[in-house]
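You will see two complexes here that share chain A, one where it goes with chain B and one where it goes with chain C.
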Partner chain A sequence: MDINFQHVNFKYDKKQKINTLNDINLTISKENEFITILGHTGSGKSTLVQLMNALILPTSGSLTIFNQEIKQKRNQPLKEIRKRIGLVFQFPEYQLFEETVLKDIMFGPVNFGLNMEQAKQQALDTAKLIGISDDLLERAPFNLSGGQKRKVAIAGILASNPDILIFDEPTVGLDPKGKKELLSLLDKIHKETHKTIIIITHDMNIVANYSNRSIVLKEGNIVFDGKPIDLFNNKTMLQSMNLDLPYISRVAENLKAAGKINYKSVPLTLDELYDCITGDLNE
Partner chain B sequence: MNKIAFGQFVNTNSIIHKMDARIKIIGTILFMITIFLVPTNNFYLLGALLVFALILILLTKVQLSKYLKSLKSIVFLLVFAFVFQVIFRNNGTVIYIHYFKFTWNNIVVASFIAAIYLLIRKYLPMKFIFFVLTTVLIIYILGLPMHGAILNQNTIKLSIYEEGLISGSFIILRVLTLILFTTILTLTTKPTELNNAIESLLKPLELLHIKTSVFAMMVSIALRFIPTLFLEADKILKAQASRGVDFNEGNLKAKVVQIISLLVPMFVVSFKKADELAIAMEARGYIPGEKRTKLNEMKLQFSDFIWLFIFVGIFTTYILLRIL
Partner chain C sequence: MKIEFRNVTFKYEDDCDLLTDISFVINSGEMTSIIGPNGSGKSTITKLIMGILTPLSGEIYINNTLVTEDNINDFRCQMGIIFQNPDNQFVGLTVKDDIAFGLENKQIERNEMITLIDKYSKLVHMNNFLNHNPENLSGGQKQRVAIAGVLAMETEMVIFDEATSMLDPIGVDEINKTLKMLKKQASKTIISITHNIEEILYSDNVLVINNGTIVAQGKPKDILFNESLLNEAGLDTIETVKLINKLSDSKYESIVSDLWTLTFNM
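This part shows the complex of A and B:
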């Protein structure tokens, strides 16, 4: 497996009494996974993804990323890992600093060893993929709108062509259109390249519509790791974690309560609900 | 990110904590002056002040380790001052004299010990104590009369004078007392309280049309935002690291880019935060320099007057002793 956590504990400070992350066991493949990470604020989601990028090092336990054991010491080669695992932080627009949008997108690829020509080509391709128009490329990043800045920052990560893409609450603060665009883009990347994508989110509709695996954190512990459908069928888990159902599932529940339809496993997407209704009619 | 929380305030709710912050500041300033009023090498007067500091420390009910921690940062300075005094004093009564006569053997043994120390240094607890011990050991070994080829025909003479030891100790004691008094202040007073107290003490300046309340507000905002900015810096550092910035990388050009990639976003974030804060403050009716009421109005208690009486009493006693 490409990312492998075994009994990993993490503390930000040695003096902390309880672990920020506690006994994490997790394996993630670099292909065909679309993972959503859920949990309350402060449950350790951001900390978990920073471990995956070796930005912070495990306090104890064993963490292996692309066959490299991450040790608890300062000088170890981590660049390769950072290149192969692209992490987009929450509010990534704050990391922009170059004079032009193009230069900022090129920054990652250059750091990871591409020459100027290659980096520029990568940046142009990525900008196109993500929908940054050509006239923006020579502008200063600070004059863009919030949504545009976010796009540029995300392009800056995608341009390094990582094997696994991680997003920390990427849709927070975007308008509905921007949100939809971003998610369709990620879905497209996932479908075309089969790269694993990991998203931290509070939005159950993202969980239901896009992901094929969900991880739920509670106070630093993984309390669920499995298919979204199993999560949404697990009423006690949903209740104890204060998680909502996706919109479609709520509609379905109401229909079921009114005796209009019946199902064993709650529909998560529009298609599933449609099947459920038409299936009922056909019977 | 509690470790960078500003100030060292520890709340034990002792009588020292309850003392009015203005009285504490005045007291601290008086003691600072008093310490320097003590005639050189008068251990009794200085000792009395130290005892008074220790009494206050006991009254604060803060663990002693907190005080030791604040002393730790200046131990090096103290040792340095002491050694300086002892070595370079050269008049008065000699109490110890040593002729260094280096042989190769001395050098070899000493470097051996130095090498071992450097190797195991990382794993040692209480690094500073070991550093001092090793240094003393090395100097001692260098001084041992050993057999072997003599390196240098000239001997080096180290003589220690009684006066050197005395004045060295006095300096240490003086700085120690000084630090203890200021530590009492910072350990028992919240930064905001301290700020309010300074504002209140500077009130008379308003007569000169200097807006002290605005400065006080600036200081308290700065204090409030230091931890926030540290957190932001940490985030940006990580964000750039995930874009392949290697902050351990050496060459100058790389370093410049690293610093820019950190500084520019820091400026952007700080300005944004400042902007938001200014708007939020205005929305809540803050007008610079205008009269504001306070949530915790500082009021002098009877006990505060007693404290002030004690502090001023000690101060005047020392002045009188100095004059008479």
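This part shows the complex of A and C:
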């Protein structure tokens, strides 16, 4: 497996009484996974993804990333891991700093060893994939709209061609159009390249509509790791994790309670509920 | 407080129009949502209402009186505003101090101040946090404290300027509940500026704004139903309404009626 956590514990400070992450066991493949990480503020979600690209190091336990054992020491070669696992922070637009959009996108590839010509080509290809139009490339990133800035920041990570892409709450603060565009883009990258995508989110609609695996954290522990549908079909478990059903599933529950529809497994998306309604009424 | 815009146009110097020929009426005691994508001109409208900006052309009337530089202050003291970022609006070391801040500025007498703090902290369900440091509260709790502070001033109008856009879904839910309750209990004029479609559900009226012009105004149900108009404005309707639009055959009448009820009551 490409990322492998075995009994990993993590504390920010040795004096901390309770681990920020506790006994984490997790394997992630670089292909075909679309993972959502859920949990309340302070449950350890951001800490977990920072371990995944060795931005922070485990306090104890074994963490292997692309067959390299990550040790609790400085001076170990981590650049290759950082290149292969792209991490996009919350509000990534705050981290733009170059004079032009093109230079900002090129920064990663240059830093990871491509020459200027190759880096430029890579940046141009990525800009095209993401839908950043040519006339923006020579503009200063600071004059763009919020949604455009975020696209540029994401292009900067994609241009290094990582094997796994991790996003910390990528849609917060975007308007509905920006949100939809970004999610369709991630979905497209996932479908075309089969790269694994990992998203931290509070939005159950993203969980239901895009991911094929969900990991739920509670107080530093993994309390669920499996298919979203198995999470949403277990009402008691959901409540114990303080999670809600996706909006469309709550609508379905109400319709079922009113005797209007019936189903074995709760519909998670608009299309599933539509099929459920039209199927039932056609019978 | 009644607000009326008549053919208002606004731009900053040497720039293109931010708002072009805007006309609308906000009735006293009603809740109006102004919805539009990022950069559509929503916040410029707020600044014009508050008299922070003045129109390049057109007129603004408040309570049927033309707003001028001379009378804007009389109106402005009847307006309260809740901003986007809860962290930028705290001044007190405790929740109580914070709610008291505006009242102190108004030189309200101490006993009356205590009554007001008590009343409005209860209204937003933050009365058990009066001695807490606001910094340690969640985003939704911080915004509720900010709301209590504004309500305690007992202004005729309250403006929510993207008050939920930086909150997580739990925080958004808390503020939506507070807004709903405010609308029921207080006979205030409320303006909610948002790009979150769910916030328009319990409004009396909705203005949809895009590229500096009003592209639609009406009741929430009519606005929600117009999926293509919302899409053109870079917005999205609620999922139940998308479903309703797909279930156009008359045999689905009963379930469509259920879906409308759920849209407004869930």
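By our rule, the second predicted complex is superposed on the first by the 281 of 283 C-alpha atoms of A that agree within 3 Å, B and C clash if a C-alpha of one lies under 4 Å from a C-alpha of the other, contacts with A are read in each partner's own complex, and residues count from 1 in each chain.
Following the convention adopted for this analysis, a contact is a pair of C-beta atoms (placed from the backbone, for glycine too) under 8 Å apart; a residue touches a chain by one contact, two chains touch by 3 or more.
It should be emphasised that the depicted structure is a prediction, and the values quoted were computed from it without experimental measurement.
Of the two partner chains placed by superposition, only chain B is touched by A:Phe97; chain C is not. In the overlay built on the shared chain, the residue A:Arg82 is in contact with chain B alone; chain C does not reach it.
After overlaying the two complexes on the shared chain, residue contacts for A:Asn111 are found with chain B alone; chain C is out of touch. Of the two partner chains, chain B is the only one touched by A:Ile157; chain C is not. By the touch criterion stated above, A:Lys188 is placed in contact with neither chain B nor chain C. Judged by the touch definition given at the top, the superposed model places A:Lys177 against chain C, while chain B stays out of reach.
Contacts from chain C toward chain A in the complex involve residues 37-39, 138, 165-166, 168-170, 195, 197, 234-236, 239-240, 242-243, 246-247, 251-252, 254-255, 258-259, 262, 266. For chain A in complex with chain B, the touching residues are 12-13, 50, 53, 55-56, 74-75, 79, 82-83, 86-87, 89, 92, 94-97, 107-108, 110-112, 142, 156-157, 160. Interface residues of chain B facing chain A in the complex, by the touch rule stated above, are 1-3, 232, 235-236, 238-246, 248, 260-261, 264-265, 268-269. The part of chain A that touches chain C in the complex is made up of residues 41, 145-147, 172-178, 180, 202-205, 244, 247-248, 250-251, 254-255, 258, 260-261, 270, 273-274, 277-278, 281.
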